[in-house]
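Here the chain labels run A, B and C in written order, and each chain numbers its own residues starting at 1.
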Amino acid sequence: MSDVLLTVSGVSKHFGGVVAVDDVSFELKAGEIVGIIGPNGSGKTTLVNIITGFVRPDKGRVVFKKEDITGKPPYHITDVGIARTFQMIRPFYQLPAYKNLIPSLFSPRVRRLLGGKYGDRDAVAMDILEEVGFERDSSVPYKSARNLPHGYLKRLELGRCIALRPEVIILDELFSGMSIAEVTSTVPIIEKLRDEGIAIIMIEHRLRELFQITDHVLVFNFGRKIAEGTPEEVMNSNEVKEAYLGSEEIEEEETAC
Amino acid sequence: MFAAILIYGFINSSILALVAMGFNLTFGISGVANFAYGAIYIFAGFLVWIFLNTLGVNYFFSIILSFLSSFLLGYLMYRFVILRVRGLPLSEVMATFGLGLAIMELFRYLDFVGVKYSLPVFIDGSVSIGGHFIDYQRLLIAVIAVVMTVAFYFFTHYTKLGLAFRAIAQDDETALTLGIDPDRIGAFSLALGSSLAALAAIIILPLGTISVENGYEVLINALAVCIVGGLGSTVGVIVASVLVGYSQTLTANYIEPHWMILVSLAAIAVVLVVKPSGIFGKQKELEERV
Amino acid sequence: MERRKERIDRGVKVRSDGIYALNSYREVFYLAFPRLIPILGLLVICPLFSEYWKEVFVSTAVYALLAVSWELLYMGGLISLGQSLFYGVGAYIAGALNAYWGVPPILSLPIATLVGGVFCTLMLLPVLRLRGIYFAMVTLVLPLLLSRFVEATRILGGTEGLTGIDSFSSQWVAFYLVQVALLVAFFGFRRLEGSDYGLVIKGINDNDRAIMSSGINIYWYKTQILFMAGAVGAFAGAYGAHYDMFAGIPGFALDYSILPIAAAAVGGMGSFAGPLLGAFILVPLSEILRALGALRIVFYGLFLVFAVVGLPEGLFHFIRRKYEQIERWVEVDKG
């Protein structure tokens, strides 16, 4: 058993009368990919927002490497090593793609890891973009984000996370809006990150692609974790079947935003 | 002494509530922070004076005309200025601020300065309450403030137009799909806010002289009440006016009248530090967390 | 045959990368010319005017400093409606140092700049966490609060203000000091804007969520730009106090708040050259219109409205486009 990086224990959050997240606990180990699935509105994104400090939980604790990070501001949580992508992407549209990575490379965390120096940020940004599938010798990395197709912007988000050299990456519906070819080319990038020892949480609606790369899945419904285990286990569980009953078309339900 | 503070504090609170109501209404419905609010207040006051003294219209019709002009001014402001920068709060702020400044300083330039710029009270005389003489005008202010707040509550909760207002305030895109035109409601909200400013001016200004500084003071008081109570909240305005009103009266009584406006300013500062959305505020998006 | 307008970049700059590829002196001149205008204009051409106009250019530079400071805040998404806060604080600090303890301008200016910057930062620190119009509201309120405070407590000379403050040793020192300070602030901030630091600041305005999730403490960065803007504004105030030999409540007056915003709006927000250009249009213009007295502020107000509503781009961006691009009509076939 490798060491536990992130522990979420008994986390709950209400918005008015709605229970968004209800008493959720799980653990994340280095070098593992955990998938989180569930119908829309089942509290997946709220959970991510709680872990990354954008929402303060009513109850429960989030512990990262023995440090209690519950309710800490988002920049602090990123600083200790948890990076995330957003479901609703909002890149800096007027900037060239590679400049979108500059804030991440400019962060105190990266400077600390580089021993107080920033290095040549533009060059590093180009390297990372190549890593996430931007064609280095083309004009693509220089194009302003406004002119890039959606699939590239999604991978730009991933690049933004990688630039932070995190220990945990949380991908909030990274695959949604990507073409099949794009997903196929993105999967090896994620697997490579896992092999480097980074722990990854993936929230996904595209189950087929998700099950290719993960063997540990959490299922959410109405804010509660209703099942946990390998893809086969959870898909055969009665509770999961119930949750998904009548929502066979889940793959078409992907939020385009 | 105690009774006097109680009475005058209540009147002061009524004044604040009246002054803040229009600003709050506009913000609550269309999200426009009308920084020209103080300008409209003195605009209405001076207009009554002009009708009354320069054009010789009788007092009642002067008031009506001024009231309608303010309504029109608010509407035109929306139509020709705010509509073009709608949805850009910072541009809205700058545009209304610039406009308000232009209006107020125009009056200063036209030499509307001096004691002669005052309006007659509605009913002369005073009444004794518990040994303290309260003039009818002040009494009227208190009554109108109470009536207005009650009427307002019913308007926004029980009439079709009021409900449409609240729908817009909640989500203008959804309201659009329900057949409510946000631009028409927005224009109306500004016009209504402006005419409330005019109403406040018409009944409050007879207490003293009309001066350009009034405009700035009114804007600050309106901001203070709305920030303390929570922008866009009707209940907040009432509670905040009482809070700020009584603290102002106490300050004026025990320290110095000079410090009264300082109370408003300090109240803004304190609330913004302690609870930025105000006592009854629901403006969640103003706080940093997503 | 139909015609359409075509815009062509002059092509000196590799636009996507902000890298300049210079091949000839002509191109060097092309790039240097716009930058030389403010330098030569302020240091060489302005002094050629009469004494009266030199004084006008001094007050223009003071307003321009406030406008540049305003633009820095705007870059970070903070709209200041009270640049007079910075001016008044700077003026009172320098004035008090000089009037009470006889500190000469050579010391009082830097002290007022730094202390004023810190003081303004501390005053505005609580609202830095809030978005939208709150910062604007509080900056509008604070100068009024301070002037009422001075009035009520009668400290720092009360309504009379502090008089008899030392002036600069000569008119030339005074003139060049403020022009050089303006150029330093202007080119310094431009440099900052072009750097990765500036990118982060603009990013906060654009999408604070993304900057936060990059592990950057946005409040700390906002505090930094607030300090820089406050310091520049306080310098303008301190300079003004020594130049006018007076520091008082007029330092918190609306002139110092509205003119920088109007200048930025007329000249073009979103670049530092815009507010500078705007200040050098509006202040001399108001000198010409001096006979109008209080009507000045009316004009500033209206300028602001017109600029925000009708000319959101501002003059500078328009000029720059004309300079960087060739426009021509080309004929196109209809088929």
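Throughout what follows, a residue touches a chain if its C-beta (ideal position, glycine included) is under 8 Å from a C-beta of that chain, and two chains touch if they have at least 3 such contacts.
Note that the structure is a prediction, hence the values are computed from the model and not measured.
Relative to the whole-protein C-alpha centroid, the nearest chain centroid is that of C. Chain centres were defined as the mean of their Cα atoms; on that basis the chain farthest from chain A turns out to be B.
Separating the CA-averaged centres of chain B and chain C is a span of 33 Å. Between chain A and chain C, the centres computed from C-alpha atoms are 42 Å apart. Chain centres here are Cα averages; for chain A and chain B they lie 48 Å apart.
Among all residues of chain C, those that touch two or more other chains are 209.
For chain A, residues that reach two or more other chains under the stated contact definition are 54.
Of all residues in chain B, those that touch two or more other chains are 290. Against chain C, the residues of chain B that register as touching in their complex are 33, 35, 80-81, 84-85, 89-91, 93-95, 97-103, 105-106, 108-109, 216, 220, 223, 227, 256, 258-259, 261-262, 265-266, 268-269, 272-273, 276, 285-288, 290.
Taken in their complex, chain C has these residues touching chain B: 79, 81, 126-127, 129-134, 136-138, 140-142, 144-145, 148-149, 151-152, 208-209, 254, 258, 261-262, 265, 292-295, 297-305, 308-310, 312. Those residues of chain C whose C-beta lies close enough to touch chain A in the complex are 16-17, 196-197, 199-200, 203, 206-207, 209-218. Chain A makes touch with chain C in their complex at residues 52, 54, 73-76, 78-79, 83-84, 86, 90-92, 95-96, 99, 102-110, 121, 139, 142-144, 160, 164.
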